[in-house]
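Here's the structure, in structure tokens; my notes come after.
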Amino acid sequence: MHHQFIPTTYYRNLGPYEPVLRIRSGDSVSTTTVDAAGCDQTGATVTPRGNPQTGPFFVEEAEPGDTLVVKIDQIRPNRPTGWARSVVAPNVVDPSFVKQLPDPPLAEWAINAAAGTATLIAPSSQLGQLTIPIEPMLGCFGVAPFRQQAISTATSGEYGGNMDYRGFVAGTTVYFPVFEPGALFFLGDGHAAQGDGEIVGTGIEISMDVTVTLSVIKGKSIAWPRGENADFIFTVGNARPLDQCLQHATTEMLRWLEQDYGLDSLSASLLLSQCVRYDLGNMFDPAYTMVCKLPKRFLPAKRH
Amino acid sequence: MHHQFIPTTYYRNLGPYEPVLRIRSGDSVSTTTVDAAGCDQTGATVTPRGNPQTGPFFVEEAEPGDTLVVKIDQIRPNRPTGWARSVVAPNVVDPSFVKQLPDPPLAEWAINAAAGTATLIAPSSQLGQLTIPIEPMLGCFGVAPFRQQAISTATSGEYGGNMDYRGFVAGTTVYFPVFEPGALFFLGDGHAAQGDGEIVGTGIEISMDVTVTLSVIKGKSIAWPRGENADFIFTVGNARPLDQCLQHATTEMLRWLEQDYGLDSLSASLLLSQCVRYDLGNMFDPAYTMVCKLPKRFLPAKRH
Amino acid sequence: MHHQFIPTTYYRNLGPYEPVLRIRSGDSVSTTTVDAAGCDQTGATVTPRGNPQTGPFFVEEAEPGDTLVVKIDQIRPNRPTGWARSVVAPNVVDPSFVKQLPDPPLAEWAINAAAGTATLIAPSSQLGQLTIPIEPMLGCFGVAPFRQQAISTATSGEYGGNMDYRGFVAGTTVYFPVFEPGALFFLGDGHAAQGDGEIVGTGIEISMDVTVTLSVIKGKSIAWPRGENADFIFTVGNARPLDQCLQHATTEMLRWLEQDYGLDSLSASLLLSQCVRYDLGNMFDPAYTMVCKLPKRFLPAKRH
Amino acid sequence: MHHQFIPTTYYRNLGPYEPVLRIRSGDSVSTTTVDAAGCDQTGATVTPRGNPQTGPFFVEEAEPGDTLVVKIDQIRPNRPTGWARSVVAPNVVDPSFVKQLPDPPLAEWAINAAAGTATLIAPSSQLGQLTIPIEPMLGCFGVAPFRQQAISTATSGEYGGNMDYRGFVAGTTVYFPVFEPGALFFLGDGHAAQGDGEIVGTGIEISMDVTVTLSVIKGKSIAWPRGENADFIFTVGNARPLDQCLQHATTEMLRWLEQDYGLDSLSASLLLSQCVRYDLGNMFDPAYTMVCKLPKRFLPAKRH
């Protein structure tokens, strides 16, 4: 079944809040997300800033210990301009270099969704009207955390959250552990484009039209977000420092290969040894993000 | 001028050692490297294990404060088998998962340089004879460090060293700061292929035929290794934790954009903001490695 | 006013929950805390494990932007035995050493509160009945976090939480930022004794009789927990890695010296330069803890 | 035997350099050290800045695999003023706070060795002539590293080096692994006083009169520096981030308890669990330092 959902309330924590919509496993939802500052497709500020989320959506079949499958069917900017910070954050340069960073004016980018481009409009700089391809993505999405916590959308964890990974584009499937009845799925913080690491603290922040399909794998338990696209399977680790992100993601990939692909411990390691790839999510938020990837062409057949 | 050089001695530190060959800026050298265990193209152990290096090569024009330009013209495995560790290192998984790692037998890979493939021969595993493409690269290379230090080829720093970055393939140009008269260039630790992070502690370790062209940019001073290939310019940060690698590399990229491309501080940040990419070198050695990349197509014209 | 409060419910998150008691600024509360496993003074399990907290206490005068002052008047074990983990955690040893750690049996310690000692009862070891002094402390306490988050008592942050600092003993005064009306103060996770770093993952866990006096400093805003005892003022940083804990705590100490003691930026730095001390809270929880201390005898007079 | 040694050359790397003096195990040496800037007791600059070292001393009996025992018999400032940096380093505060740090003028401290005090003379500040007790210590000392490396005295490692630990005062005994024949002991970088963490990047830097007694334990191999004073045994970990320092130091302490005190793995962990203490060395140099301590009164009898 397909749902159209127009949000009227937003949450800035992921937590055990009252669902805004109840759906069944396999249903799709087309909805909108406001930008990180709470502005919608008209540019109006409709809710306070700080990665406000659309949702939560309650998936009837989902119970703690299951896995929620989120297919990102479509994500498209729904207004003509996005904003961004323009100066790299103090934590991504050498501490002794921080004083050389200029004071940050916000940047404005014109988005041409049809042409698939973003063009720098302001501030005035030596780059002129730099034009880059857009790659619309979800910066922050996930489920209600374990133990009935309610955690700010500034950060991330086992439940997803503010991961700011460039790979979360249309066509990608993402898996989350379910901690609460109904899973309670949230989404927001769309970026028209983003550099690796989100090193200025934002992508090109913009409101979006988004369609997702949510389904449940009963009785399947995972520890960290997983995902796949046409070419790769991947796992996501959220923590600080980056070393720990990589540890979480690598451990989860080994578990995945062992549990779903039937590899023993040695074979799983051997497969990763020369084939593994890593991507950087953000190195700006309270928890950073790294992604462990494996090309599908090297995978053995999945068990059932 | 082109030199053929057959090494007879090897160093396991990068330091102010007696040069094995003196060349002029712009000269090329074709030589060989032994594998990380000190074995040559015949499989004979000719020097103790631990990333033994060919060199150092003394470049006549190079003086402290200059930049050494290393063009990797060719790197080709020169024997039919390479070896690797086969189990992920304890430091790349969650500490609580370490006890689940099997005890590491070494892996053997058959290399077909003509076909461009590596095939897993041992140990016996569920992967059978997994075949992957080779991407021959230099794991460890660089110049004598500052302050007349002599530093183990296990680690890395501003001078290069054991960076284990998959991008150091033929066709890549790498820039190193010069600290000693003649620069004193070393190279070794070839990998037929390698996963990101070198998470088992090795790539497919093998002896190589290597050709490099060395030249000097007088009076140009850089702080960290830089490089470029057809599509990207990049900078390299070596440290622990990964966060600090990224800080070093990002800072060096900002400096590069400001010094060579004439960008002011705001423009340099704006350019990186939505266009920057990061790659992971190793997360195994005493110093880890991350690479900051920028697509050349977004670069302004270089000054001069 | 002095309140006797007997808890019947416990929370395992710090969050905006319904207060169990409303008091006025300057009031004292004598109450009990269960141990980390939810066991009370009789040894009965009265609530699920995971640092269950007594509270929250609502302090009438406290509003967001104020500071809550917590004087720990008394903390005394109220049963004769405590428990502990007995083997160091995998994250506090070298990754390559983890496989040498034995499998952890729980330890049992007999507590003699009158004599002020803890004696190792089990498991049987070469230490025999090792007897050490007790130093009863609060492992986890604090206020409801900002942004109406509800955060697990496994971790810590600006609001306090699971800091596991040996300095939180009777006679110590602790300051917390107020984020919610009434501050909403929680306390629990008492330790009869603890090593620095809580490197086995527990202190000697035991239920406690605790008396605290809570008061409010109106209009005074702080960023991280602060504290003082007879000899020192101190600030607390909670994060990962330890480097970031130290950064938070040092920054907060500089702010304190500038705001309350009227020091300019140079004088504050000069004072810390040769006089600062650091203590380690825990290096086990999701967020670690470090404490920045300054001897009171070197302090200038406080402004008003 | 007791040697008087007046240095005329200094090294800024620890490495396999020509010995300046050959002694026998059990001999004492009284000598001088210049300050970190290369200035001697007269205030004259006699060698370039950067922690120049007196030595190396060759101890006849020492061979790789042995342990060198360094008893710090005396360390006393030998001139009336020391210098220090006066502003906390950018890496010890929050990255977002760095811009608020003032530009660092050097500080000057008058040393009264007889009274045991240091008094702040310059720059002018709100502290006036702050007077603090001196605790003369060695900031940088150790042996030639493994693998014939020569490593800058800016940093530290298994061989010792620039650890900047306040505990290295007279009366302390320090143990180093021996990597080179004769051990090749160096010492320098004296501090009249120092805050924990050396967070401004210096202690009160001053030239010293130092007496050490050097002896060799044949056939005893250790991995990291160890030490003891009247009350504690301790181990030293040098690395980044602080987490890794703590891992190295804790692992070495477990090894010590097992090897020298005959404890099994469980007993060693149990002993540390509630009794361990940690101190911070520096959090400024390329490698940071943490120290793991155990009170001697809880130790079982040493074997043999």
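Each chain carries a letter (A, B, C and D) given by its place in the written order, and its residues are counted from 1.
As a convention for this text, contacts are C-beta pairs under 8 Å (C-beta built on N, C-alpha and C of every residue); 3 or more make two chains touch, one makes a residue touch a chain.
Keep in mind that this is a model prediction, so the values were computed, not measured.
Chain pair with the larger contact count among B-C and A-C is A-C, by C-beta pairs in contact. Farthest chain from subunit B, judged by C-alpha centroids: C. Separating the centre of subunit A from that of subunit B, both taken as means of CA atoms, is a distance of 32 Å. If each chain is reduced to the centroid of its CA atoms, subunit A and subunit C end up 34 Å from each other.
If you average the Cα atoms of subunit B and of subunit C, the two centres end up 47 Å apart. Each of residues 91, 95, 240-241 in subunit C touches at least two other chains. Subunit D meets subunit C in the complex at residues 84-88, 91-95, 97, 100-102, 105, 107, 109, 118, 120, 123, 125-127, 130, 132, 193-197, 199-200, 203-204, 240-243, 246-248, 250-251, 254, 262-267, 269-278, 280, 283, 288, 298, 300. Listed in rising order, the residues of subunit A touching subunit C in the complex are 12-13, 15, 50, 146-152, 239-241, 244. By the touch criterion given at the top, residues 89-91, 95-96, 98-99, 241 of subunit A touch subunit D in their complex.
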